[in-house]
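Quick heads-up: structures coming right below.
Consider the two complexes below, in which chain A is the common component and chain B and chain C are the respective partners.
Our next item is the complex of A and B:
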């Protein structure tokens, strides 16, 4: 029985950073912009949080800095998507490459090849949960209320569904998109920050390993709502927890490379078999051309 | 003729400016970590062109990059955005090493040809899987290709560390294939192998397919407007599947270049980002065969320069990723094109007034 509880516990712990990223990706996707840069923003958040926490000795300052930096990257992404109307997938690939390169270069430049461990940590709130875990749980209903019960949430969703209608009603499509992109970036940054400073308490180059993309898949799998996204993230977290369990069993049980494949295979299967009818916002990935 | 030449230069100016801006932007990062950008770029360039052996290294990287660039390029023409060259490359490499290691009683020439075919078909099927998931389940090809990249890399690493591991070796790598089965090196004291001609042939076939055949025409129509293609009686699904197979075959061949041409054995993580760079190659070259050739060479030089930067300066090779990403940004921003457009708009308003 205790092993079941252990598995549930590690599923939750592994899910939380991805949940933040997925909620962030959800907001941007609902605004009609493909959140392809989630991987890059996540690693930037992870690095920023560690760098700032190390230099200020305050883990919350690192958390805030990550939110700010990735929020700005989000606006940058939105700006190029909306204003320059570039291919968002390619833009995302470039951003991810850029972020991977910049964080690695800065990491070597500032800390040498081995980054130091953090000495500060988030407060433990019991049951093995850290303070940001609670923020994550609270974010799910808050995000739901924001998206479905507030005017701004409605406007963000409208931009993703029918930008022309938004413009016709006299609102600025660009402005609403930028707000959505900032919120999105901020959440992705929180995910990255929590991923590095939370439990590993160090920055490792390329540590996100595709989790940003998995979060993006979770949004589609979760049918574009916060609760569904959370459930999808839990599934991937479970896959990762099982993966670690299998790895711990040694290569005799199953070669560790196959264990490592599990979350990725799960993503492909989930996207293909279970997402039968896409609920993508109507204007997703189609830059709006104002006349 | 005169016009053709000026057009050629006009087309060339835009990418060149993108590259210039990318280097400038990356200099800022190098300055932040308190290194000298000029010294870093100097090391990179001298490492690329100082002697024949180094130049050969640039060209073998160009070979692989042309093929991964084609993998992205052909799919892009069909309106698909695949990030999958990396995975195709791993699968292609695995298939070719399988032939190289286990079918050694074949005549060497036949073995090489079979290894190349196996790599292309293996990569092609890996690409076809993405196409099938797309037409059958409408899965987003961007996510599936990224996930399949990780899966392919892990699978290849599994082979290198497990079933294909060299007996008695401590490192996770396969045995070496015999020298008679390597791609022939035609310039002494370099590693430059005949694969570069294969890449050039592939470029020609790419041009021929897209511009001179009915299939190529259909692929382009599907890429421009799926509804129009359907209306015109073009089988969209068939074209997507075919394109993904060709795209995968190009990526798989790139893997053969690395394995049969350079490494001669399966080693872990042998790609080091060729697939991702292929996207930049294709975009900078505007998906045209000549463009992909030149930008393949440029990124080959960058990639090789990255190794020298890592060896001889305090800057990590990751700076190359930054330069590459910046190039894509500036190509996307299309600065010169935007300026022209603005000017046109202005004229337009003047005329209307």
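Our next item is the complex of A and C:
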């Protein structure tokens, strides 16, 4: 029985930081903006949280700072893609590269080239889970209610589906997009902060290792729905948790190369078997041009 | 032209101007993005060659001319001053003698990456300070330019060329045939080619052997766990040695291992260690640099003894019993020193405890308090025997 609990614990520990990022990406994608910059925003959140936590010795301040900084980056991203209608994929890639470089430079500038320093840790809530895990669980229904039961949620989704209709009804497409981008950035930042200060208590250059992209895949996989996204993220986390146990299971149960492939294979198979068609928002990636 | 027509023209012109402005802004944004990317590739965000971001071209710089730039990175500066004071302190004639030997090095990544490349760069700085050699180096070398780089240095009169990593081995062998008077040092490999390609390896089987033996003396459950990085010759050697070391102490001990495929991702390191601990391993060792600190974190949470590999890990938790440190800087420096003395002849060297390139940290943390004197004596005996070469780890490797 304990091994089942251990597996569940490990799955959740691996999934939760990605969940935050995925929920953030979900909001931006629903607003019709491709969230290609999720990886860059995540690493920025990770760095900000560690830098602020180390200097104030308060881990929650780091968490808040990460939300603010990446929220602002989100708005900047939205500003360029809505106002100046920059190609969102190119912009996202540029942002990812920029964030990787800036965090590396700042990290070396602030902390030197020595071994990384450890921050204090979040309160433990059992199963090896921490306080922000609870925030993650609560975020799923909250995000669902926000997107499907509130006026702002409806407007955000409308901007992603038919911005012209939104404009015709007298609302500002740009304003709604910026709000969506801020919320998105804030969630991605939480994911980054949780990943660095929560899971490893330190910042290491390039530590997010593609999790921002995995989150983006989870959004499409989860059919643009918070619950679906959560399940998609869990599946990936489960694959990874299982592969470590397969490897640890002793020699030659399964070659380690195959074990390492497992989370990715699992995702691809699930994607092609269970998800017939992922319905993207109609205006996704198409900058709105007001007439 | 009547008034409505003029108005129409004006509106149209207005529209054209507006579009032009927006076009210009777009261009500016694009330019800024381009600059940002260019700046990054220069400033070394692609520090680790593995992450795929790579600079457009390798920057070839003579160390002498970029001394100021190198000093800008604090660590490099610290290393330089440390080397300088050491040089001043040593009475060795080599320190004073100005050698006219020219040493070049080719690195796969940035020289300030806090790891693999920086350790080798410090060896070059040390050689410059203590042996008085002239040095030059290239960073972020791309596979397409390996041969060209080595040929370039050989033609410019560099007689010792360091290639930092076994990925350079094939290119070096090709070039070396044309320059018999140049000695090539290839790190992280035990391959070599007479008369002038010299492999150089720090740790490997011997380091793993020491860790495995130490862990074997500490275990109660007779299950040991090893957290590994990406699969490579050196990783596999670490594991081979570890198993041999454990078997040297007790043949019934089981060694389990997990490849994490990363040197940076501490979360993966931690989960891998968790899986091993759940399986019943009561001593954990990690071989994957900073990602390994995650494994220490897992040990800390579960109160599991940790025998650290690769780097000094004392500060990452009080469940760390000791570290077996691989000093790559010293290994590469000693190879260069041999080259200056004319002692390189195309044979590989495996540096270990005997040369000081492998170091045993001594005991610390909470497990040091509870361990018995008998355990301490036995562990020290293994390290001493490895140092005096009374014990040859290769004899115990089964695979």
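One rule holds for everything that comes next: the second predicted complex is superposed on the first by the 252 of 291 C-alpha atoms of A that agree within 3 Å, B and C clash if a C-alpha of one lies under 4 Å from a C-alpha of the other, contacts with A are read in each partner's own complex, and residues count from 1 in each chain.
The working rule: contacts are C-beta pairs under 8 Å (C-beta built on N, C-alpha and C of every residue); 3 or more make two chains touch, one makes a residue touch a chain.
Because the structure is a prediction, the values reported are computed rather than measured.
In the superposition on chain A, A:110 makes contact with chain B only, while chain C stays out of contact range. Once the two complexes are laid over each other on the shared chain, residue contacts for A:286 go to neither chain B nor chain C. Once chain A of one complex is fitted onto chain A of the other, the partner contacts of A:207 are limited to chain C, with no touch recorded for chain B.
By the document's definition of touching, of the two partners only chain B reaches A:89; chain C does not.
In the superposition on chain A, contact is made by A:240 with chain C only, not with chain B. When the two complexes are overlaid on their common chain A, residue A:223 makes contact with neither chain B nor chain C.
Look at A:195: by the touch rule set out above, it reaches chain C but stays clear of chain B. Shared contact residues of chain A with chain B and chain C: 80, 84, 86, 90-91, 94, 97-98, 100-101, 104-105, 108, 205, 209, 257, 260. Chain B makes touch with chain A in their complex at residues 29-30, 32-35, 81, 83, 133, 136-140, 142-144, 146-148, 150-151, 154-155, 157-158, 161-162, 276, 279-280, 283, 314-316, 318-322, 324-326, 328-329, 332-334, 338. Interface of chain C with chain A (complex): residues 22, 25-26, 29-30, 33, 36-37, 39-40, 43-45, 47-48, 51, 53, 73-75, 112, 114, 118, 225, 231, 254, 256-259, 261-262, 264-268, 270-272, 274-276, 278-279, 281, 290-291, 293-294, 297, 301, 311, 315-316.
The touching residues of chain A, counted against chain B in their complex, run 34, 36, 80, 84, 86-87, 89-91, 93-95, 97-98, 100-102, 104-106, 108-110, 205, 209-210, 213-214, 216-217, 220, 255, 257-258, 260-261, 264-265, 267-268, 271-273, 275-276, 278.
Chain A makes touch with chain C in their complex at residues 3, 6, 10, 13-14, 17, 80, 84-86, 90-91, 94, 97-98, 100-101, 104-105, 108, 112-116, 118, 128, 195, 199-202, 204-207, 209, 240-241, 244-245, 247-251, 256-257, 259-260.
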